[in-house]
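Below: one structure in structure tokens.
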Amino acid sequence: MPDVSSTELMVIVAARELKDGESVLVGVGVPNLAANLAKRLHAPRLLMVYESGAVGSNPTRMPLSIGDPCLVSGAKSVCSMYEQFAYYLQGGRIDVGFLGGAQIDRYGNINSTVIGDYAKPKVRLPGSGGACDIASNVKRIIVITPHQKRRFVEKVDFLTSPGFVEGRERWKELKLQGGGPYAVITNLCTFKFDDRTGEMTVAALHEGVTMDQVRENTPWEVKVADDLQTTPPPTDEEVSALRALDPDGIYLR
Amino acid sequence: MPDVSSTELMVIVAARELKDGESVLVGVGVPNLAANLAKRLHAPRLLMVYESGAVGSNPTRMPLSIGDPCLVSGAKSVCSMYEQFAYYLQGGRIDVGFLGGAQIDRYGNINSTVIGDYAKPKVRLPGSGGACDIASNVKRIIVITPHQKRRFVEKVDFLTSPGFVEGRERWKELKLQGGGPYAVITNLCTFKFDDRTGEMTVAALHEGVTMDQVRENTPWEVKVADDLQTTPPPTDEEVSALRALDPDGIYLR
Amino acid sequence: MEAGKLMSMKEAVAKHVRDGDTAYLSGFTHMIPFAAGHEIIRQRRKDLVLARATPDIIYDQMIAAGCARKIIFSYAGNPGVGSLRCFRRAHEKGVPAPLEIEEYTHFGLSGRLFAGATNMPFLPMRTNLGSDLPPMNPLMKTVVDPYTGDTTSVVPPLRPDVAVVHVQKADVNGNSHIWGIIGEQKDAAFAAKRVIFSAEEIVDESVIRSDPNRTLVPDFLVHAVVHEPWCSHPSYVQGYYDRDNEFYVEWDKITKEHEATLGYLEEWVFGVADRREYMEKLPAGTMERLKPTPALSVPVDYGSV
Amino acid sequence: MEAGKLMSMKEAVAKHVRDGDTAYLSGFTHMIPFAAGHEIIRQRRKDLVLARATPDIIYDQMIAAGCARKIIFSYAGNPGVGSLRCFRRAHEKGVPAPLEIEEYTHFGLSGRLFAGATNMPFLPMRTNLGSDLPPMNPLMKTVVDPYTGDTTSVVPPLRPDVAVVHVQKADVNGNSHIWGIIGEQKDAAFAAKRVIFSAEEIVDESVIRSDPNRTLVPDFLVHAVVHEPWCSHPSYVQGYYDRDNEFYVEWDKITKEHEATLGYLEEWVFGVADRREYMEKLPAGTMERLKPTPALSVPVDYGSV
């Protein structure tokens, strides 16, 4: 197995979750790398839709922000901000969305708004952006996050983007059109979500990782899948394709 | 006074009602002529917005339909159909709209849908198109119509586009943003609408017309303004400018 | 859905237009897809629900041919000329068959399509109140505005089974450039479950990619791409041909009687195999007569970093 | 409103931006109107409500300068870099002054602006439910969908007092062409009561009229037109210049302390008279370094009948 950083590992594992022909809503950074990697390898017909309205982009570099002209020059289409959220996201045309955040709980609820009290914040984070909209409308949510105790919490300080809220029953009551959280990919393992309860469940441990390590970094009593797998290690092909995407190591440090 | 047809007279009288700097929503035909005439004469800064989304058009001929490419080539801007109705009309950006119809009542309610019963029509007319939307949203509605007994009715068979409905009180209850009917221009006279009741009132008789003629062609007891005027006759300048706009006499027969 | 989208109109209609469909052949009196309508008639589709703000002559023809059981519309006229006589004959007299109607204002119908395209639960709008239209149409409802307490008119989304959109330029995958009066083309494509695009010209993908802000609909929404020059005759296509206005006037005469209308369809629809034959059948010089003088847009610079 | 719209940014801000205004300086991380923000700071406007989905560095600067009493936003980050430290300092610690917040999702805020631009009574949308955002914001309400009975989230229209929009090309009356990521530029212009357009180039009206489908906003909505090349530096303008990314990274360091931030403003905002002086003050070669390679769009033919 090639020597990879934990970010590289997470991106490679995330890329494998994308299927050929799916549409993916991409932001800048790590999710952009995962989508591009999948496209280079097993999903050549992956459709990438950027939050800023660009579709079918051919960027000549890693975009500096979501409004980067490199996402527009040579793209198939671009539309306004409201149009992007209305026609594509609310339109139900996006299969997969990537989210991250400062905190996540066992139902995949994500906080990217505030640490501490909303009115008197300890740390004010950037906020939802499109995250809550993505969480509510795409078929599958994939979360990429380092596996740290301060990130995996019993209860998020602020629920920015709904996972299954208090479980799949509650999700159904909300009548959101999205499919909810699908996978959480960390540097230790891949979680999926229980079909019945909607609780985060360890589906696969990355090579060399033990359940004890996962438990140490997750504050609740972690559920484990009956058919717990081991994540196949990154291949040379995956690693070299990924590194070619970010030659300056902007995101892959 | 030059010898003019009754259509020419109505167009000239209508053009006079348009003020410089106003925005007008124009369809094809007679209203288009009135707006263009005003622009050529006393209202050079009249802003013409076409129902099809074109703004600031420079048509090289009388448009054949609202989607005529001559409204787009050399225009300032064009947008989609929903955008036109949403950004401009619902946006409250249109001062004046022109309407016509098969029937009109004393409150300026217009029928352009059906003669007879809606489910079993005697004559099925084209329907609202944008008329009801225009009636609901512009500051001033101007109606141009031949003065015939079959057109001026006690009660419209179908209320397509609201005038003051059952009077100004009812209009206020509906909370429509428009100002309602402003003038009805016929080949006999100009009606305005009573400030208090919203009832159609003869404001000016065209030259040579008597109130008896108006009464003969209006089935209800017609109200007359205290300061009844005589319409100033068309000037040579008005007539020649108008005829230059429709040299083939398509609309001015 | 990517491979093999380029096909003939015959194939596109055979594959994507089904009996009983709600069909939206788009165009706000501009770029009307006549070739698609004629092919639907030739393939004798029936029980269609024909939706469009402005039905135009092509829906009149489809109604006369017996393709339609219902029409969803806001203005049923021959644009710039007068009535749609076949529509009236069907609705008023049941000839050739009864025609159900579902009616809106222009804002209401284009709003339903916009709501369908963007999957809104419902669309509030400042119109309809005071009109007799809502009492005739149970789909027009009201809700109380939670900010003002005012009664507000709302319409539900419209999701046609199939949409037909004609454009100036498309690539083989269905990325396309449209200009001129763009009506409800974008919303029709986004709202419909199956989408047929026809184009005056099939261009290289690089032409589309040179100007992505002009693309109204990216390829992944498109199910069939048809190269169909003169698709919209006798309607117009900005930059390509003018309206053949004499025909619009003539239609008013042809359709005075149902029999004469059928005669027209026999000759000009059933009597030709496709659009090419239709164009060849027109008087010599028609195409030259309708060609506008070129007027090119000033290019813009997208830059490359 | 027609005559004499062309003016300097100094005049435009003096005339159209007032203390206490709700201001929307538009741009979705692209074409950010830095020159307008700097001029607002120089003219020491105060008590502004700064609205924008993505506040970006320019709002961070305006907050540090004490112009703002409140911010309406959906993502307060330094795009591609990290936090907006001045925003945080004001909101978390009241330095230099307390900063009230009103917060949405991207869809919610761009929806509020769309509803303002189109004067919708309110806008239903498929988001917000289940999130903690609605409980914190009394302007986010729910209504019952009259078609399904489902609880639906709604937001009210946003009508800024003043909007600033930067574009590539405008004529002297404010007809303009914009391309690239067009974010909320159109909706900001339609929603606001007063509208300032600035442009990289002032072009003849005939350039705009050669391509009316590219015009997002016609002139009658525009109150001031400013010829302001490099208005958006250090942000990018499609086809004109790239982002000066080092500055975005540097801003994160400058703003670690409020004093150092004031030092930056003193030198680069108060220390220059206008955008031209700002550009002259940048290291030699900056403009050349940021210029992209030309990549022209393929023209389309509008025809003339």
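Remarks
Order as written gives the chain letters A, B, C and D; numbering starts at 1 within each chain.
Please note the rule applied: contacts are C-beta pairs under 8 Å (C-beta built on N, C-alpha and C of every residue); 3 or more make two chains touch, one makes a residue touch a chain.
Here the structure is a predicted model, which means the values were calculated and not measured.
Chains that touch both subunit B and subunit C: D.
By count of C-beta pairs in contact, A-D exceeds the other of the chain pairs A-D and A-C. With centres taken as mean Cα positions, subunit D sits 29 Å from subunit A.
Averaging C-alpha coordinates per chain places the centre of subunit A 40 Å away from that of subunit C. Chain geometry summary: the mean Cα position of subunit A and that of subunit B are 57 Å apart. Averaged C-alpha coordinates give centres for subunit C and subunit D that are 37 Å from one another. In subunit C, the positions touching at least two other chains are 119-120, 125-126, 148, 150, 179-180, 182, 210, 213, 238-239, 242, 292, 295, 302-305. Residues of subunit A in contact with at least two other chains: 54, 69, 72-74, 78, 86, 90, 177. All chain pairs that touch, listed by label, are A-C, A-D, B-C, B-D, C-D. Residues 21, 23, 45, 47, 54-56, 58, 60-61, 69-70, 72-78, 86-87, 90-93, 177 of subunit A touch subunit C in their complex.
Every residue of subunit A that touches subunit D in the complex is listed here, in rising order: 28-29, 51-54, 63-69, 71-74, 78-82, 85-86, 89-90, 113, 118, 121-124, 126-133, 136-137, 158-162, 165, 170-171, 174-177. Considering their complex, residues 1-2, 117-120, 175, 190, 208-210, 212-213, 215-221, 302-305 of subunit D touch subunit B.
Residues of subunit D that touch subunit A in their complex: 27-31, 53-54, 73-77, 79-80, 83-84, 87-88, 91-92, 103-108, 110-111, 113-114, 125-133, 136, 148, 150-151, 179-187, 236-239, 242-243, 245, 248, 292, 295.
Chain contact summary for the complex, subunit D toward subunit C: residues 119-126, 141-148, 150, 152, 154, 156, 168-169, 177, 179-180, 182, 207, 210-211, 213-214, 238-240, 242, 292-305.
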